[in-house]
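What follows are several structures.
Note that subunit A is present in both complexes that follow, paired respectively with subunit B and with subunit C.
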Partner chain A sequence: MSPFWIVLLSVSAGTVLSSVLACLPGLHVYNVMGAMVLGILALEETAFAIPSDVFLPAMTGMIVGWAMLNTIPAVLLGTPDESAMFTVLPGQKYLMAGRGFEGTMITAVGGLAGAFFLVCVVAPCAPRYLPVSQQVLKGHMHWVLWIIITFMLMSEWPKGGNRGVAGWAKFYDAWKTLLAGLATFFLAGMLGFILLTRSPVSHEVAFQNIMPAFVGLFAIPWCLLNMISAADVPKQKPAKSLAINGDVILRSVWSGGLGGGIAAYFPIVTGGVGGMLAGHATAQRDERIFIMGQGVSKFIYYVGAFMLLFVPGLNLTRGGGAWMIKALYTPAGKTDYYMILGSIAVASAISYLMMEPLTRVVLRFIDRYNYRHVSTVALAIIIVMVVAVTGWTGLFIALVGTGIGLLPVLFGSRRLNSLGILLLPIACNMSGFGEVITGWLGLT
Partner chain B sequence: MKGFSHFMSGVAVASFGPWAIEAARNGNPLFFILGGACGILPDTIDFKFYRFFYKHDVYVEPDPQAPDPQYVADEVARTIALAVDEKRYIRLKLSSVRLGADFWQQYAVTFDNDKLEVAVKFGPVVNTGQVPVEGTENRYPTVARAKIKAKVIQTYDAALKVDIFDGPTIGFNPLPNGDLDLEFLPWHREWSHSLTVGAILGVLVGAVAWLASGWAMAWQCFVTIAACYGVHVVEDQLGHMGSNIFYPITKLRTPGLHWMHSGDGLPNFLTVWISCLLIFWNLYRGQPNMTYHFTFLHLMMVGLVVPGLAFGALRWLLNRGQRVEVAAGDDADDEWNESKAAG
Partner chain C sequence: MTEMKEALPGHETQSHEMNCPKCGRFVGAVTKCPYCGSKVEKRMSLIGLRWAAILLATIGLFLLFLMAKHRDVPVVMLGNIQPTMNFGQIRVIGQVETDARPFRTGTGMSFNVSDGTGKIIVFVSKKQMDALTESNLVPKAGDAIDFVGSLNISDEQSSMRLLSVKELHLTRAPAAAVRLADVTTAMKGTAITIAGKVLDVFPPPADSKRPYALKIKDDSGEQTINFWQAEYDQIADKDMLNGAWVRARVEVSTYQNKLQLKLGSGLDLEVLEEPPAAVETKTPAQKAAAAYRQETAPPRDFSRGRSVPATSLSVGAVTVDQAGQTVRVRGRVESVSPPQEGTRQPYAVMLADGEASLRVSYWSNVNEVITVKPTPGALFEMEGVVEVYRDKPQLKVQSGYKVRLVDDTPASAPAVDITQAVAVSSIALADKGQVRVVRGTLGAPRALRGGVVYPLTDETGTIDLVLWESIIPGEVLGALEEGAQIAATGEVGEYEGQLQLKAVPGYSAMVIP
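And then the complex of A and B:
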């Protein structure tokens, strides 16, 4: 078989597989890829060794499919991974208005627009300009993390203090949410210090050690909230048109491209932060732009970060997918770069086409069963996934994460504060005083 | 402007200080954090602190058990009468009506100057996402009306709609001709949005820095804080609402230049993007041993002009023959909604 067909089949298989997996709540594509990496490494130097022409496009397809379709559980089941967190509220608004299909498809159009932007705009410029920016920005990554933390904490506004006369009582009522947000950030940060310094998870699955905490912080609280308070989901109406035009797409690309680009390029800045930045860079008067911008941001975060590994002359590894590939393969110049770009384009088209039927399947599922029961099943799947990948220790970490992740749910503060789990310890480490804090905590 | 634009402008201004770059290269992010924080601080002061201590003359707090639009109309009319009779500035607080954990009763207040009436319409119940709950649209079909004693002049089209979280404050200012000038969110962009307050804050933090680290740190902190705080005030001046630029020397907001609304997409994005480019340029200038070299003009061409032209051309191509409708904005309304929506 010619290399063209091998690549095409591999990327198609990877995309279809991850598109289906993306609909399962709680399962992250990196968990599956991690297991595949272990398998590929085990087969190395045997008769069944898997060539890079197979696993590179397949894994590209998996990341693209995931980046596009993980909107489905986020919007329709309310079980987002961290990068899709900002699609949940507007997405559920669509769902409760009987327009869940429209909500997910608008995000998918955003993903497709992100793919165009990445392959047709960023990719041709990247080999020329990204090495320059890398040289300028090296040594400055730490303060970028600190200003992101500063913005994240400062840009949350109070939600209480709505009634009563002016004074301290009103101020305290308003600040309850903000204090809960700060507590969430610092508690998550402490958990992060523990997991990154002395993870209790077995070293055999060390690359998954943060996964149970993420599931606990982000996915489980949504499930619990849906189980406790979910109203009946109304009958979903299929949309004849998404009512979007070129202007909406362009504005989504500029906001999502900025947020997702920052998240992809800077270390530890995750898709959730990218989504937040995309949301803040968007003119908020049009909700479609916000939702589509989230689709763009999420896609560029996952796929763009992966693509950076292959940019000739850059030598930059960002995101879990790239780190896993790096364990298997060292990119070799323009040939690999073009193959990856082609794979991204093909995978984007396939995953976009899969979006509609898979959304319909999940909507039919929701229509048939009570939403509370759907959330219960989603929670059960998540717990099974955590135990299967990281064992009972992982489940314990997930429970601790859930405790912290419930704070924003209970107090109405911003859920993104849970990202303190990565931002705080890494920013401290990059600024050179992480060890002082781990010393105070008795971890080192 | 939106909070993120102010924040990035602050970081960009901070990056012009060579000391900030030098400190950052040595692992100290202080000046950049100060820059971003002071860039957004005037709005933080207003929305997170000052508004909870701002005293009102009349509080309109509809009963969630039995929401009554006539009560709201009567109270607004009474407030106007108070301003007219006592010939003084009167502040009215329209409180939100929370019906449950996630449900709010929406209502709107409008003034009909021809009939000298205030009209209050209770709309649908909305959830925290501001989505109407089906079947609640016509629970209160009647429009409550009350006679008002003077015309109410709205200088901008702030919709007096109350729904989620906090309700707005309205100030009624008697004019010499007997009309009342309606001021939306009078506690916003008052003393906090002034260059003098930025300078005073810089002096205070500078004094602490002087005690802690000496003179160099003190003036560097002062310059960073005053400049980054100031850029917020200057940017807000580009909009409609303006700021009280030299409080306490000036007592009122100086009207803005009307170049943009604070929620407009393009100006906000351009501010963020140009800030990123300026930060990049300043980091480049402060980076020793660069193997790549470029000029400021080159950076602006590659980073701004060429992408801008490409974007414009693409937008024209995609929107040919279509009518692109962009919702009209309003400075106060945009910022008020941003404070409620930023979750």
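And then the complex of A and C:
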């Protein structure tokens, strides 16, 4: 079989697989890819060794399919990962108004627009400009991170303290949500220091040692809240039109491309943070632009970060997918780059076409089953996955993460503060004083 | 009393407690309505969840911190590293392969480590580099090292980042005490200890890039030690150097084809209160034996964070109750079973001690680095983790460095079979690679890096007998001296056109009374 057909079949298989898996709440594509990496390594020196022509397009398809379709559980089942945090609030608004289908499809259009932007605009320029910008920026990453952290913490405004007699009570009323946000950020940061310096997770599966914490911080609190609040999903109405036009798409690509680009390029900055920064920078008020922009942002964050590994002359490792591939394969020039770009284009088309039928299937599912029960099943799947990959130690970490992740939800602060788990330790390390803090903590 | 407002359209189906009592909108779990600012009373389950979250986030985090802090970082053989261990923290026990080299940018340094099953580069941050320099723990080639680091695995090159200076244990490669006159360029690359009286200290001229020069003298001659400002600053009594008696550990190197003695750290130079004892003009064999003893004396911690008894256990002392413990066992090899071809079985060695026996197993990668392979009848010391195999204790050896020959001859047999001795003149180039036994008188020794050469003369001729410290027991080396009558077993070899006999591993040389 010629390489063309091998790549085409591999990318199609990877995309279909991840599109279906993306509908399962709480399952992250990187967990599935991690399992695949284990399998590829096990077969490495056998007669069934999997060549890079097969696993590279397949994994590209998986990332693309997941970046596009994970909107379905995020919006319809309420189990978002970190990058979908911004989509979920307006998305849930759509769901509660019986327009869940419309919300997911608008996000999917954003994903497709992101694919066009990535393949047709970013990719041709990347080999020429990104290596240069990397040379210029690499010595400045630490202060960029600190500025992002500062903006993230300071852009959250007091939510109370408007009425009543001046004094400590009013001050506390104003500051309690902010304090909860700061507590979340620093507790998550502390968790990050522990896990990055001396993770209790077995060294055999160390490549997944942050996963339980992320699951605890983002996925489990959402499931728990769904179960406890007993929110009822109203009957969903399939939309005949998405009421979007070229202007909406272009403005979405502008805001989402900026957010996703920041997240993909800068270390540790994730889709949610990139979305927040771009949201403030571009100040788009239309709800459809916001939702579609998040679709663009999410796609560029996941797929663009992965693509950076293959840009000739750059080979920048960003995101879990790239780190996993790096352990298996070292990209070699333009051949790999074009193969990855082609895979992204094909996978985007396939996953977009799968969006509508899969959304309808999930909508029928939630229409038939109680939302609370769906959340319970999602929680069970998440817990089984954590225990299967990282054992009981991982579950304990997930529990601690859950405690921290529940704070912003229950005290009304911004959930992005949970990202302190990576932002704080990495910013400290990049600035050269991470070791001082781990020394104070007695970890090093 | 607050009057409950009807839920707004679209919010009717929501649970009662989830709607704002004032404006009727869905507010979820928050206690203040984000739309109208009214206080929202919550159910007990949400209040309970709040407290559970606070407790999990604080007490849980503290417990996790304690768990991480007191965790034993597992020892992993470099050959067993898998990509799935990326970002993991592991302990490595091995030997430093290259001197630690600072980066040009001054932001840290790196060195290579090998543990017999693989090699890896280790990166050290600037802060750690400064701490290592201050405590004179900068790794040098040949040092034994035990450290904890985090892995960074890639398809091209894997590396480690040193995690903690506190958990880095370094045992310096032995440095022989040498008289100043005996220091030659032949010792290039080795570390030696010298002592003498400081004649003068020459600081570098201003604006010069030259190093400090410290001139010392002993009974045999004079030498100059060179070092930089950083090392000078570390010297404890630097103001009292002129005329003082000092002892220093230096590295022998050459600069522009001339001998140079480099002081690696100011802490390696000690100002003495009285003249040092004269360096005994030991035979090189005795020096080698001394070095050998130094090398084997400190018990190293090979365990997964647990301590290993410094003394060896007898074979019979190992029981199934010790499963999971790391122990060192001494016994005679009864049999060696290599893995059958085409299988992935381990090597199986039976160690015996009287009636007791113990199965020892290790993988092929471990076998590859065992310097002297176990052979039946030889006395070996092995270190590993006790496991249970078919209801009996078994020792699982994880490093080739932990299999050491103690005595290669059965207790009853003589060390060298003199009856097999051949005349030196009968050994020819055609015998290269063959093992021969010779007997004769030892001549003046010549020191080698890591060994010694004696000319061995019998009635028919002379041949060089080469003895390497790594494979010849210290007591054998210590017993040899110029003029001694000996018998030796060695492999015929050639070096620079001269025939030589390389003593085979173990007790392959013995003094004839």
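Keep in mind that, in the parts below, the second predicted complex is superposed on the first by the 433 of 444 C-alpha atoms of A that agree within 3 Å, B and C clash if a C-alpha of one lies under 4 Å from a C-alpha of the other, contacts with A are read in each partner's own complex, and residues count from 1 in each chain.
Following the convention adopted for this analysis, a residue touches a chain if its C-beta (ideal position, glycine included) is under 8 Å from a C-beta of that chain, and two chains touch if they have at least 3 such contacts.
Worth saying up front: this structure is predicted, and the values here are computed from it rather than measured.
Participant: On subunit A, do subunit B and subunit C fit together or clash when superposed?
Facilitator: Superposition check on subunit A flags a clash between subunit B and subunit C.
Participant: In the overlay, answer first, second, both or neither for which of subunit B and subunit C A:G432 touches.
Facilitator: both
Participant: Going by the contact rule set out at the top, does A:R368 touch subunit B (first), subunit C (second), both, or neither?
Facilitator: neither
Participant: Mind working out whether A:K159 is in touch with subunit B, subunit C, both or neither, as first, second, both or neither?
Facilitator: After superposition on chain A, A:K159 lies in contact with both partners, subunit B and subunit C.
Participant: If you stack the two complexes on chain A, which partner ends up touching A:H280: first (subunit B), second (subunit C), both, or neither?
Facilitator: In the superposition, A:H280 touches subunit B alone.
Participant: Touching A:F396, do we find subunit B (first), subunit C (second), both, or neither?
Facilitator: Touch status of A:F396: second partner only.
Participant: Thinking of the overlay built on chain A, is A:K240 touched by subunit B (first), by subunit C (second), by both, or by neither?
Facilitator: Touch partners of A:K240: none, neither subunit B nor subunit C.
Participant: First (subunit B), second (subunit C), both or neither: which does A:M96 touch?
Facilitator: Touch status of A:M96: both partners.
Participant: Regarding the shared-chain residue A:I404, is it in contact with subunit B (first), subunit C (second), both, or neither?
Facilitator: A:I404 sits against subunit C, while subunit B stays out of touch.
Participant: Run through 38-46, 92-100, 272-280 or 326-334 for subunit B and report the one that clashes with subunit C in the overlay.
Facilitator: In the superposition, subunit C collides with subunit B along 92-100.
Participant: Across the two complexes, find the residues of subunit A that touch subunit B and also touch subunit C.
Facilitator: Subunit A residues touching both partners: 96-97, 159, 162-163, 229, 234, 432.
Participant: Under the stated contact criterion, what part of subunit A meets subunit B in this complex?
Facilitator: Going by the criterion above, the answer is residues 89-90, 92-93, 96-97, 129, 131-133, 135-137, 139-140, 142-143, 146-147, 150-151, 154-159, 161-167, 170-171, 174-175, 178, 229, 234, 245-247, 249-251, 254-255, 258, 277, 280-286, 289, 414, 430-432.
Participant: How about subunit A: which of its residues touch subunit C in the complex?
Facilitator: Touch residues, subunit A against subunit C: 34, 37-38, 41, 96-98, 159-160, 162-163, 183, 187, 190-191, 194-200, 203-207, 209, 224-225, 228-232, 234, 323, 326-330, 396-397, 399-400, 402-404, 406-407, 409-412, 432, 435-436, 441-444.
Participant: Under the touch definition given earlier, write down the residues of subunit C that touch subunit A in their complex.
Facilitator: Checking each residue of subunit C against subunit A gives 10-11, 13-15, 18, 26, 28-32, 34, 37, 45-46, 49-50, 52-58, 60-61, 63-65, 67-69, 71, 73-74, 76, 82-90, 125-128, 150-151, 153-156, 163-167.
Participant: Taking the touch rule as given, give the residues of subunit B at its contact with subunit A in the complex, in rising order.
Facilitator: 2-4, 7, 11, 24-25, 27-29, 32-33, 36-37, 40, 44, 47-49, 52-56, 59, 61, 95-96, 98, 101-102, 127, 129, 131, 134, 165-167, 263-265, 268-269, 272-273, 280, 283-284, 287, 290-292, 294, 302, 311, 314-315, 317-319, 322, 324, 326-327, 329, 334, 337-343
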